[in-house]
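This is the structure I want to talk about, given as structure tokens.
Note that the chains are named A, B, C and D in the order they appear, and that numbering of residues resets to 1 at the start of each chain.
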Amino acid sequence: MGYQPDRSQYPQQREDGSLDIDLTSGKYLKLWQGPQHPGITGNMSVELTVCGDEVVEGKTHVGYLHRGFEKLMERRSFIQCFPIVCRICVPEPDFNEYCYAAAVEELAGIQSPERADWIRTLILEMGRINSYLMYLGGQAGSLGQGVIGQWTTYVRDLMLDRFEELTGARIYHMFILPGGVRGDLPDGFNKRMEETLCEIENVLKDVYETMFCNAVFKKRTVGLGYIDPELIEPYGVTGPTARAAGVAKDVRKDQPYLVYPELEFEPVVGTDSDVYARADVRRRDLLMSVDLVRQILSKMPNDGKLMTKLPNVLHWKIPRGETYIRGECSRGEYGYYLVTDGSGFPRRVNVRGPSYTHAVALLERLIVNINISDVAGLMVSLHTYPPEIER
Amino acid sequence: MEFEWIKIPYSLLTLFIVINFGLLLTALIQKIGARVGRRHGIPIYQNYIDLIKNYAIRSSITHGFMFYLGPVFRLSGGVGLLLFVPTIYGSEMFSNLSFAGDLILALYFVFFGALGMALGAGESGHPHAAIGVSRGLSQMTAAELPFALAVFSVALQYQTLSVTDIVAAQQGGVLNWTLFTNPFAVTAAMFSFLGSMMRPPFDVVLAPQEIPIGPPTEYHSSYLALMQTNRVIFPVAKIVIYMNLFFGGAASWPVFFLKVFLIYMVSVFVGVAFPRFRVEQSIRWFLIWAMPLGILAIVLV
Amino acid sequence: MQTLYTKLKQLFKLGELTEQRQDLAFITVAQEQLRPLLLHLRDREGFTHLVLLTAVDWMEEGQFQLTYLLNDRAGARDIGLRVMLPRDSATMDSIHDIWPTAATYQRELREMFGIGFPDSPGVNDEFILEGWNDIPPYRRDFDTLKYSEENYSHRPDRETTDPAQHMKQQLYPDEG
Amino acid sequence: MKEELKKRVIKGPDGFEFEVDPLQDYYCEAPPTVQPAAYQKIVEKIFNWARSESIWILGFGTGCGAIEMRPLMTPRFDAYRFGVQWRPTPRQANLFIISGYLSTKTLKRAIRSYEQMQNPKYVIGLGSCTINGGMYWDSYNTIKRLDDYLPVDLYIAGCMPRPEALLAGFEEMKKIIRAGKAEGGNLYAENFDWYKANQKKVIHDWDMPEHSW
């Protein structure tokens, strides 16, 4: 087994492969981080077995947020599914809407209008900025640097304002529906967007100086949570976590969707594959998203249709078929696997969240041998959102 | 020396002033921290309300005898520290119970509260509390070393163990302060000061994201209120020692308020912008940076 | 995709090919062919990334469909392998030694569909549900509405409307 | 029941053998009791005022509503101004915000967290899904009415409620506390058996102490 972590300093393995840990000996301690724990991303928990200050074994427990979306969608018609898909992932809900809409369009043979594609791309990039801002605050906060979270949440609020004027909602936008998008850009949107982007860049400069140039931050994060580039493929690692390891995995470039072929960008790649490199990749990716939003707003066609005419959605039946739609969200590859059977309801929807592999298999692999103090920092650096693990 | 009974009400008066000052000061410090994060922060009187609220909680549960004593020890550590050093130099009213060897006693009291807390928190049985205690004690030991060295250096310099005498020796102009006569000792002591103020980068003991929130995890209602009271007294009392030893003491209340505030701000300046060290990193930091300075200070004296 | 299919066809016994998109195709594979095929695809054809592993319940046909979706990043193409299992007593070989992350997927499938994966590490541990006492919830014959009505108390004055009826009343109240 | 939760005999380091029952809380055997208010009305009034002006929230994001908690504590909304703060441990918290749907798995943890809070304690149900199930009304894994399981003082409707709604909710909560009507902790103690019966109806594997506080 080449995928096992280095356990040479640790207890012997028993015959059946489990670790020989005798809790009653007093040498080991079981420690639960979460679900009620401020260092946990969202509502999940990690069961740590510690020896002194070192983690011997970690086990991820999820399911605290399970609502059974995939089951609920099987008894909702295609249009009824649309408002609930965004609830699967809270901090970046738009990818659910896009992937679902694109999957339905592909199976039903609908083409969304060009301008709608531009607006979709715009929304996705805006959502990415939000998600990264949230991450930067969380990463600094997990190491005790609370002020970064204050600054980034402040600009994130500005970005939410732009979302609000575009879609009418702060968190759940319900804007990208099968066939197109729900509305057009409001008047003066470009100008206000530009102001917001400038403010974000300003704050990011401050963040760079106080966070990335900070000696203590470097000391805590450099070398922590190293992911061997060879582990990327076996563990299904995607997104910035993979890019920080030097693998230029970016769905936007590899298998471009929407209008990404018309935009100019290069995937951000890091080298060191530790927590610091991941944070830095995300910061640079955020700056790239700011640039992409500018490109989108300047290259977008000025008018055009926003919606394709749909059949009567109350009696909308889609022929039998299956497809998989993916997109590059801020955490990695986000995808929807949709199976239809000719009826008015989806046969099966499966959501592939990047956290699914990151937070369970990869985290359990990385968490061995690190200090208790670093668990929160490591977990945040994988940028996991539990709702997309359990749906 | 004859004991004067009038000193007791006088000391209580000092205590009263310091508690109120501490409550307002900590709120002000929080507000300054919030300002850095572009917020308004808590109202300046918020600490009073929190205190009343915590005393007003109706139920409280215990985890055993030491669990009660933990906060009591902690508070007596803070109060004791304050009472045995002169708060205002040259004032009969506010010299408290200081005596010839009070410097040694003060050093002891700095540690006393933490030890009591460790016993109490250990009794609470919460693993986070136990981890916090072990982190806290190890970090504190490392942080106290340079401080102790600096104190010895100062004691050698002035050839006395009485805080009052040390302050007296620093009178007569800013340049007489230990800060300028023995800068190495002061630097070493200020490093240790950063370590003991429970602010980043040395707040791994509380560390809400790692072991929420360390030793006080299980403390609630009145116990917590006791600890809150201590949390406002102890930093001020500690700063009083620093002020007396290194910054020329204070001859009146306004000077006292100003100096305490400014010394507190040192830890705030560092604290707002830094993440926290891991415990073994912070110990290494103290041993590498602060310890040699302390030894150098002793050698030079 | 067609070329890959013909190439694979010479080596393995394959079922039908469905070309969904230019870069996405689904191939039906027999249960015992899956493992060599996966290894071949991973090591020879560059499909190194296991995107997802999930199941579809074709209750009417008495079958589970397992879908192994693989991605070849350099070639920018995806391939989905469909394995049909009999619905009662469904078990499948574990592939956690090819992709360690597959163990998580198999744990979920075990819990949500009741498909057995002997040898997969920790496959019988609870993953998402806790204290579940009904048939696995993602199976088609599990009725979530009925379960929720039986187990949870609903607020009495909550109204539920059928969307088709409701829209009809809203938009065309005159038509009967 | 899990292996580690069963009664077992343990041999201590000194060779002494003793039996351990992990499901027993050795310090709190009695169920929660009704805690009377202060005898003097005026004292209780002052206390209520202090409680209303110093609300400490338990930092437990149980559902998607937790995403709006961060903006709540940061520059735009800054709930610290109103005496609202976060506490990471249930022992020190007064207010439990159930931020959205509760799956049965989380309900179990929420109950334990709630019982560990000290009287007086308050609960705010956030979002439509705590009121009647909301979007997840037909889900097999989420509860539909929060007030069957925990005494709720206030609901904030919406999916999801904006931070402004939360701030308004805090103001409303303060009014309730000041009026002395926020006695959720006592209500829970009075109807303890009813609440327990409801909780056990949905939590099928009850592998925790009967009450933990």
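Quick note on the criterion: contacts are C-beta pairs under 8 Å (C-beta built on N, C-alpha and C of every residue); 3 or more make two chains touch, one makes a residue touch a chain.
Note that this is a predicted model, so its numbers are computed, not measured.
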More contacts between chains, A-C or C-D: A-C
Between subunit B and subunit D, centroid-to-centroid distance (C-alpha), Å: 35
Length of the line joining the C-alpha centres of subunit A and subunit C, rounded to whole Å: 22
Between subunit C and subunit B, distance of the C-alpha-averaged centres to the nearest whole Å: 61
Residue numbers of subunit A (touch at least two other chains): 37-38, 63, 66, 68, 71-72, 75, 149-150, 154
Touching two or more other chains - residue numbers and ranges from subunit D: 59, 74-75, 88, 105, 138-142
Per-residue multi-chain contacts in subunit C, two or more chains: 129-130, 137, 142, 144-145
Every chain pair in contact, whichever chains are involved: A-B, A-C, A-D, B-D, C-D
Complex contacts: residues of subunit B adjacent to subunit D: 34, 37-43, 46, 49-50, 52-53, 56-64, 208, 212-213, 216-221, 224
Contacting residues of subunit A [partner subunit C, same complex]: 1, 3, 17, 62-63, 66, 68, 70-72, 74-75, 77, 80, 106, 233-236, 238, 249, 254-255, 314-315, 321-324, 326, 333, 335, 337, 339, 347-348, 350, 352, 356-357, 360-362, 365, 390
Residues on subunit A engaged by subunit B in the complex (per definition of touch): 29, 31, 37-39, 53, 140-147, 149-151, 154, 210, 214, 216-217, 219-220, 371-376
Complex contact set, residues of subunit B against subunit A: 33, 36-39, 127-128, 131, 200-201, 203-204, 207-212, 272-281
Touching residues on subunit C, where the partner in the complex is subunit D: 129-134, 137, 142, 144-145, 147-148, 151-155, 158, 160
